[in-house]
Structures are given as structure tokens and as C-alpha cells.
Amino acid sequence: MIDWKLVLEAIGMVIYATFVGFIFMGIERKAMARIQRRVGPPIYQPIIDVLKLLGKREAISHGFIYDFGPIFALGVSITALLFIPIANFHLFSSNADLIVVAYLLEVPMLGIMLGAMSTGNPYSAVGVQRGLLTMVAMQLPYGLAIIALAQHYGTFSLNSIVALQGIHGWSLFVPALFLAFIVFDITFQAMLGLEPFDIITAPAEVSMGPMVEYGGKHAALLFTQHAVQLFAETAFFTVLFLGGAGNLGVFFLKQLAVLFLAIFIASIFPRFTIDQAAKFFWKWPTILGIIAVLLTMGW
Amino acid sequence: MVMVSNLEVPRELRKEALKHDMYLKPISEDTYELFFGPQHMATENFSIILKMDGSRVEKAIANPGFLHRGFEKLAEQRPYFTNIALLLRICVPESDVPENIYSMAVDELVGWEVPERAIWIRTVVLEMARLASWMFWIMGFANEIGLYTAGSWAAAYRERFMRLFEELTGGRVYHIYTVPGGVRRDIPGDRWLRQLGDTVEYIKSKLKDFDEILFDNYITFARTEGVGVMDRKFALDHAVTGPNLRAVGVPYDVRKDDPYYLYPELDFEVPILNEGDSLARVLVRRYEMEQDLYILEQLLEMGPPGGPYMVQDKRLKSLPRFKVPAGSAWAHVESTKGDFGAYVVSDGTHKPYRVHIRGPSQSHGITVLEELLRGARLADVPVILKTLDNCPPDIDR
Amino acid sequence: MDEMKIDENGNGRVMEQENERTEGYDRLSYPLKEFKVFEPLFRWARKKSIWIITFCTGCGGIEMPPLMNARYDLERFGMMPNPSPRMADLFLITGYVTPKTLKRIIITYEMMEDPKYIMSHGSCPINGGVYWDSYNVVKQLDRYIPIDVSIAGCMPRVEAVMDGIMEIMRKVERGEADGWKRYRDNYEWYRRNQDELFGKGWRKETARRWLKWL
Amino acid sequence: MEEGNREEVAEVALNDVVDAVIERAPYAQGKVIRERRVEFSIPAEKLRDFLRVMKESGFEMLMQITVVDWLKEGKFELVYQMWSVTHSTHAFVRLEVQRDDARLPTVMDIFPVAETYEREAHEFFGIDFEGNPRLGPFILEPREYEKHPFRKDFSTLSYVKEIYGEDFDRYDESKTNYVI
């Protein structure tokens, strides 16, 4: 049987997430502009951008994989989104969705990489190498942070984590998990592709990296994917550390707080090179993550 | 039917292209060619062909020439005073430097004693140009390493100098202000001097912000330390000048070693570091900003001397026919990029026989860059470019 | 002509023209499908989101960073520098153009996707400016690529550039910024002028090195 | 008073520098032009030897190679401009070569930076620097490179008319003394 309510909720959630994701992108650009003492674009600017990109003539294709990459990325992002319990919408929640979401959020990068690799542009190739290395580098602290969480709450279910935080207070305020929070926030910066880890698209080095050959509708797809991804990642962060929320309004505010944290960090740090980033990830966040895991074991 | 040919791979040709390895090639190969610029954010109108091995540069070939306009040829066809409007376009970020070196050389050829007031104004203009150029450099460097905040702030601070220049000279970027024999206009008034003083104070207070966000940043250190290292012998052999030379421990500053204008009377230091890497180059520039602010403060304290702002000479009545005695002269000043010099040869007519401008990037931008890039990571390429402060119009002219 | 054919097919699918072989190079055309209903919306979006390709071709490049950064912030009009030619809309020719640069400009311009606009900045692209007798400066840029808006002056103030950008926004909204259409329609003429300047076969000889698939 | 003294001392020191150079290279003629400027003229075939002497006597940096095309005399005058950090002095090393078939040995191995200057001089004046492997189109496109545009017998106006067409009418050839 088809659960029509679930289907409707899922569609509604995807539309809501896309819209809010675009607004988040706009807020990101606006806030960055304000920090840089500029006026900045209107908050709905990313929607206009996507509209314009959709209206462009596109005559270039590098083959099937090139077309498939962005679609794959968007699909995975949406799937990840649907597993996250957002406010009172628990769509695909299951017993081990922590692991599922944690890794589904990593996969869209692979989709973009797939498409970028098929373009043959050397800048894309360098960008892909950088992207893959960043992924490998951030896996370790990212995994440790999630292990610490799962260890502390004794469950892999996001729903139960939210419920337990409702009872015992946000995991941000648990000393051991605070370390995990720091670790997660550092990797979060890399997941969003913001400084100091915007190594993949570094415009002054590899001129947009994997995106360099994408234009028109492909780029519009990638923008949409980025919006959904941004929403999903902030939601995941909120669920894990800020205790989720009872309704969409509070949830939105918490997501916004997470986003602003990322924006502030991004606007005061330059960019690492890729080998420095890898070394950094395998040093401080990993050590902190191990301490967090050990602490959660002891508690 | 008329049709367009865009640079896409036509579907019919795709198979053929695959067959001939015309694309899809660079990824599978160990070494590949990367065309870095001119359509690139890091190189403004300058191209480097990088032979890459993974993400390391195996060999770099600088490819200048996108800005060549044949200034030196054009200058031979224009009268002495008209050339000012032409030659200042050689160095875009600090256009006062070419004006000044050319004017100094012509002054020397004619034998003019430039009036004191003009000397004071020229010194102030040069120092202002230096500060504006530093701000521009911060902008470029910060944007290259991804710190857009500092870059944007620096752009806003540069606008203050642009406004002062506009009031003094009438131009924002190209001033056409310093001419042989003096300057073209007098100082607008005391209000302008007060504004300049305020601006110096303001920039001085804002330098702390840059220290916190850019010059004392952990990641800036990580990005620049040990990148593009020169030693003393290499730098001297390759005629590296300016802050880049002072970063390897050679205290050569034209303002001290071949003093011109008011610099012998001013009190300032020449900052030196010995490491010779990108970080040393960055920090030397940081210290020089401080010194420039200090120099401007001293100049303002001194105040403009009275008297005319232009040499009193009957020959100036008919500028196009103004003749310069035969001979040759070399004049150079310290720009933010290094030693900027002009060699003017006159054969006694009203047009120069030969004008040769030495831009500092002529040595920084080709041989030094190629040597420093060898073995660097791709991410270091913009850092090296910017810390050498490579200015393509100098090379091409 | 192009629109007519699509209307006859009526599928809204992008059509592929037959690959003609004339003068030894291969050409291909996908006409831009204009959706009648959504066209005003797209035009509004195009006007509000003009991405500039980061290719500073002359001394005007010095005024680009102030334009983009604090004080004269272009991002409030939705403009943004973009390093990738595939995504960019506006080509800002900032100053004089030498033949060596013009080759790159043409290649980059052709890599951009329609609709695309060109704004020239300063006197030099109009008639050579101060370099009117220079052997290495292209005198009349309009002969080689289509220009939508020209700003005179050397160097034009930032406000003048912003006025030019407003003009191009108005033109985009009214659908008059049709340089790309002119380039398509008069391709033979532009091509002939380019070949006259660079010599025949310059694409094969030099440009193939930059873009292997050319 | 004091300043005048110092200048005199500097001039004496400069004379010593010039004398020391000439002692090692007797074929050269040298003189002090003014404070911090000295001048040497040498025969073209002694160029490499002399530059080596200069480098050893404290002129570490080769700032520029200026070529002046004296069309009437049929000669290129080359000015190797050097800066000495130790003496704080600028030196002009002048030499002359025949205009047709201008050849000189390269000084790349003495001053590596000379590579760029020589490429430039070759490109704009057509002087052959024997031993420099990178001579060729550098800044210019091959078509302009072949003309060596900075030579005095290259007319940029007629070239512009030839390349950019008839509608280029800002220059009136009937006027003899054209002031721009």
C-alpha cells in the first residue's frame, strides 16, 4: 500500500527544504557581505540565479556521466534529507538512521566528482582530487564524533537521540559531547565547502574546481543540490547537538544559529592547502574526537 | 541558414576525439599541461603554462605579452610633456611612479632645479600612491588565500586615497599630475591636508585589524611559510628588488641608497627579514606600510613649503616645441613592487629619442617566478605570484 | 528562422542541426528555445543575476576589485565574478585589447553559453584611445566580437561603469542585449574579420593548444 | 659644510671604484658622471669579460639592457645598466654593435636575469644573443615579432594602417609636423 500521507509529507518537505536552503544560501551571501562591509545581494538572490541558469541555452555535454552526476547528487541529498527527523516530521526514520544519514551526506560529493571527471578539464580533475582527499581526511574525525554520540546515547536512531536530548538537555552541554561538537563543527565547515576548507572550489587556485565545466541547467541542478544539502546538513547538526525541535519555526532558528556559526568561522580564516587540511584533520580534530570517545566510554 | 559555432565538442566528433585522445586525457596522465591564466582569478592578464605532475609543478613557463602596447615606441613619437599622459599607464596600481621617474629623468636632462613645494607634493603623492598600492596588494593577496573579508576592507580603505587623489589631481587611477619641472596643480587647500592627516590616522588604526585577521593568522602563516624560498645570491643574480630583496636580508631601498626628493631629510627605517620565503615577503610589506604612514605623518608635520609649484622657465610657454638638450639620464624610485627606473635618451629635439622603462616585475615575473614555481604545489602558485607582487603591465609595457 | 522550425516541431525539444562542413571547420547549432510564457520571468532573472567572467583584459582591471568589494558593491545587483566561462553571462572588456588577448577573448566568448553579453570599458576598445597609433592594440573591437554597451573614458570612473551595467540590465530586461544573436547571425562576417587579423587557421594552430577538443 | 664634505668623499670613493675596475680591465674607459652614477665604455667583444669584472668588483645586479637604435650611424648602442648594493652606485656599461647583423654573446651565465632582458632586446630590435636558448616570440605575436618594432625604421603608423584598414583616418599624412 502506498502511504499517501507520507508521500505528501515527503514532497512537501523536499519543497520546503529546497526553498529554505536557497534562503540559507542567500543569508550566507548576505551575512558575508555585511561582515565585509558591503551591502550584499538580496536574500532571495540564489533563487534568481537558479532561474537564470535554467533559462540559459546549453549546448555542451560531455556524455552520460556528465549529465548523470548532478542528478545523482541531488537524488542522494534528497534521500539524506528524508531520513532526518525534522521537527515533527519523522519521514523515513528507522533504527540506524544516524549511520545512514551520516554517510548519505557524504555521497553527493561523489556524484559531482563523477560528473566533473568526465569533462576532461584539468582544473576539474585537480578539483576532484582535492575533493576526494578532503573526504578521506574528514572521515576520521567525523566518524569519531558520531561514535561518541552513539556511545553516549546508546542508540543509532536519530529519533531517540532527539528524545533523549529532550529529557537530559542538549548534547552540546554534555562535557564529552562538547568535544564531539567542536570536532563536528570543524568537519561541518568542510562539508559546507566554506573557508578554511573551501579547497575544492578555490576560485583563485583551480577556478571553481569540479564546477568549472558545468553551466546552464547542470549548474542549476548543482545549485539546487547545494541548497538541499545545506538544509540537510544544518538539520543534521541541529538534531545531533541542539536537541532538534518541536516545530519547524524553532527548528529553523536553530538551523540559522548553526549556519551563522559556520559563516563567522568562514569569514575570518583563509583557506588551507589540501595537504595542510588533511594533516590538520588527522591531528587536532582526531585527537579531540578520540578523547570524546574515551570520555563517553568512561561516563 | 546561419549557424553558430561554439566551442563544444560536436556529437559527431566526440567519438573521434576520444579516439585521438583529444580529451578525457589529462586525468589519466601523470603529467599534464595547465594553462594558468589569463582567464583566471589569480593572474591578472598574465599567463603561466604549468607542466604539472599530480599537484606539483614540474616546470613553469611564463607567457607575458597580453598588455603590450609598445609604450617605448609611442613615446618616441610624442613630445616630452605629452608622454606623461602615456607613460603613466605602465604601472596601473601606482601610476604616479612612472610619471615621477620620467619627470626626474627629464629634469636631470634639462638641468632644472625643481621648486621645493613641488618636491614636497611629489613626495607626498609618491607615498600616498605607495599606501594605495599596499591596500591593493592586501586585497589581491587576501583574496588569493581566501580571506575575502580583509580584501574587501582593504578595498574600502584604498578608496579613501583614491578620493584624496581625485581632489588633488582630478583623476582616480590615472593622475597625469607630476610633470617635468614640477606638478600640474597646486594643493587644493588646508582642508585637503587635514583630510590626508585624518586618513593617515584612520589607516594606522585599521592596520591593527589587518594584523589580527591577516598578518597574524595561523593559516596565513601556514600558507606562506617556506613557500617560494630565495636566497641572497639568487636574489642578487636575478636583480630582485624592493620588498622581495629586503626579505632575503639585503637592505637595498632606493629611498635610502639613492635618495631623491625629501627622503634624505625624513626619518624612516628599512625593514629587513632574512628568511626569503613568502612569509618574509608578506611581513616586510606589512612593516613597510607602517613606515610609509610614519613618513606621511612627518611630511604633514613639515608642511608644504611656500613658493611656486612649477619651475619658472620661458620655454614652458610653448610646450609642444619644448626641446631638451641631448644626453641621457637614468632616474629610479622605490615603488611597492621594487626598483622602478626610466632611462631617457634625448637627441636635442622636442621628442625623446628613446625611453626605456624598467619595471621591477621584468625580473620578478619571468625568471624568478619560473624558478620559484618549480616544485611548488598548485595551491602555492597564486601565493608566490602575489607575494612577488607580480605586475604584468611592467613586463609587457 | 530558428524559432519557426521549433514551432513546427512543437515539442520544446532542443533541436540539433545537421553538421555542416564549410571552410574546413565543423559547426553545430542548438537554437535557444524561447518559452513564450516564462520569457518575462527569465528576462527578469537574467537581469537580476548577471555573472561576470573574471578576465580583466587591460588597465580597467584595476577598477574591477573596487567594483566588487566594499564601497561600490556590485553584488547588491546580484552580480558576481565567476571564474568559469561556462556559467558567466557578462564579459567585461576592461580596456585596450591586444591581438594576443583578443584570441583568448574570442575563445572564451565562444565558450560562454547563450545568452551572453559584452560590455566594453574605456575608450580603447572603441577606437584605440591613446594607443591609436600603436601597432599592437586592436582599434575597433566591434569588428571582431559583438559589443552590447560601450563606456567611453580613460579610465571611466566606477560610477560610469555602474551606469553601463544599469544600461545593460535595462537592455537585458527589454531583450535588446542581443549581441549573441548578432554574433550567431553574422558569424561569417565576424569570422572573416578575425581571420583577417590573425591569419587563416589561427584556431587550428594556436587555440587547439589551449583547448584540446577545439 | 658637512654635507658638501660627504659628497666629496663619496665622489673620491667612486673614483676609486672606477679606477679599480679599469685596472682589471684596461680596455675600458670609465668616468664618474655625478654622485652615484658611473659610466664605462667597452668594445663589444670584451663584454662577457668586463661584466665578470664588474660583478666581482661589487656591481651585483644587472638592472636592464637598454638598446638605442642610432639609425644614422648604423649602430645599436647597448647600455648594460648595473646597480651596486655595496657602493650604492649605478653603472652604465656602453658598447656599440653594427646595426645590420647585430650579434653579441649572452651574459646569461653571469647574470641569470639577463635571459629576460636579452629576449626582450632580441624581440624588439633583432639583436642576436649567441647562447641564449629562449630567443623568439616572447611578448609579441610572431607577425609583429618578425618586424622588430622598436627599430627606428619601423613605422608604427603605416603598419597600423596596413593591418587595421582604411577607415583609420586620425592621422593626416599631408601635415609635415604632426603634433599630437
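Which chain is which? They are A, B, C and D, in the order written, and residues in each are numbered from 1.
The rule we apply is simple: contacts are C-beta pairs under 8 Å (C-beta built on N, C-alpha and C of every residue); 3 or more make two chains touch, one makes a residue touch a chain.
Computed from a predicted structure; not experimentally measured.
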Between C-D and A-B, the pair joined by more C-beta contacts: A-B
Most distant chain from subunit B, judged by the mean position of its C-alpha atoms: A
For subunit C paired with subunit D, centre-to-centre distance based on mean C-alpha positions, whole Å: 42
Rounded Å distance, subunit A centre to subunit C centre (Cα mean): 35
Rounded Å distance between subunit A and subunit D, as computed from the means of their C-alpha atoms: 60
Multi-partner residues of subunit D (at least 2 other chains): 140-141, 149, 154, 156
Sequence positions of subunit C contacting 2 or more other chains: 28, 54, 69-70, 83, 100, 113, 133-136, 212-213
Multi-chain contact residues (two or more partners), subunit A: 36-38, 59-60, 120, 203, 207
Pairwise chain contacts, counting only pairs that touch as defined: A-B, A-C, B-C, B-D, C-D
Complex interface listing, subunit B residues touching subunit A: 6, 8-9, 14, 23-27, 32-34, 40-42, 52, 54-55, 142-149, 151-153, 156, 213-214, 217, 219-220, 222-223, 377-382
Residues of subunit C touching subunit A in the complex: 28, 30, 32-33, 38, 41-42, 44-46, 48-49, 54, 69-70, 73, 75-78, 80, 82-84, 86-87, 89, 113-115, 212-213
Residues of subunit D touching subunit B in the complex: 36-37, 60-64, 66, 68-69, 79, 81, 83, 85, 88, 90, 92, 111-113, 115-117, 120, 124, 138-141, 149-150, 154, 156, 179-180
Residues of subunit A touching subunit B in the complex: 32, 35-38, 59-63, 117-118, 120-123, 125-126, 128-130, 195-196, 198-199, 202-207, 267-276
Partner subunit D, residues of subunit C touching it in the complex: 99-100, 127, 132-136, 138-140, 197, 199
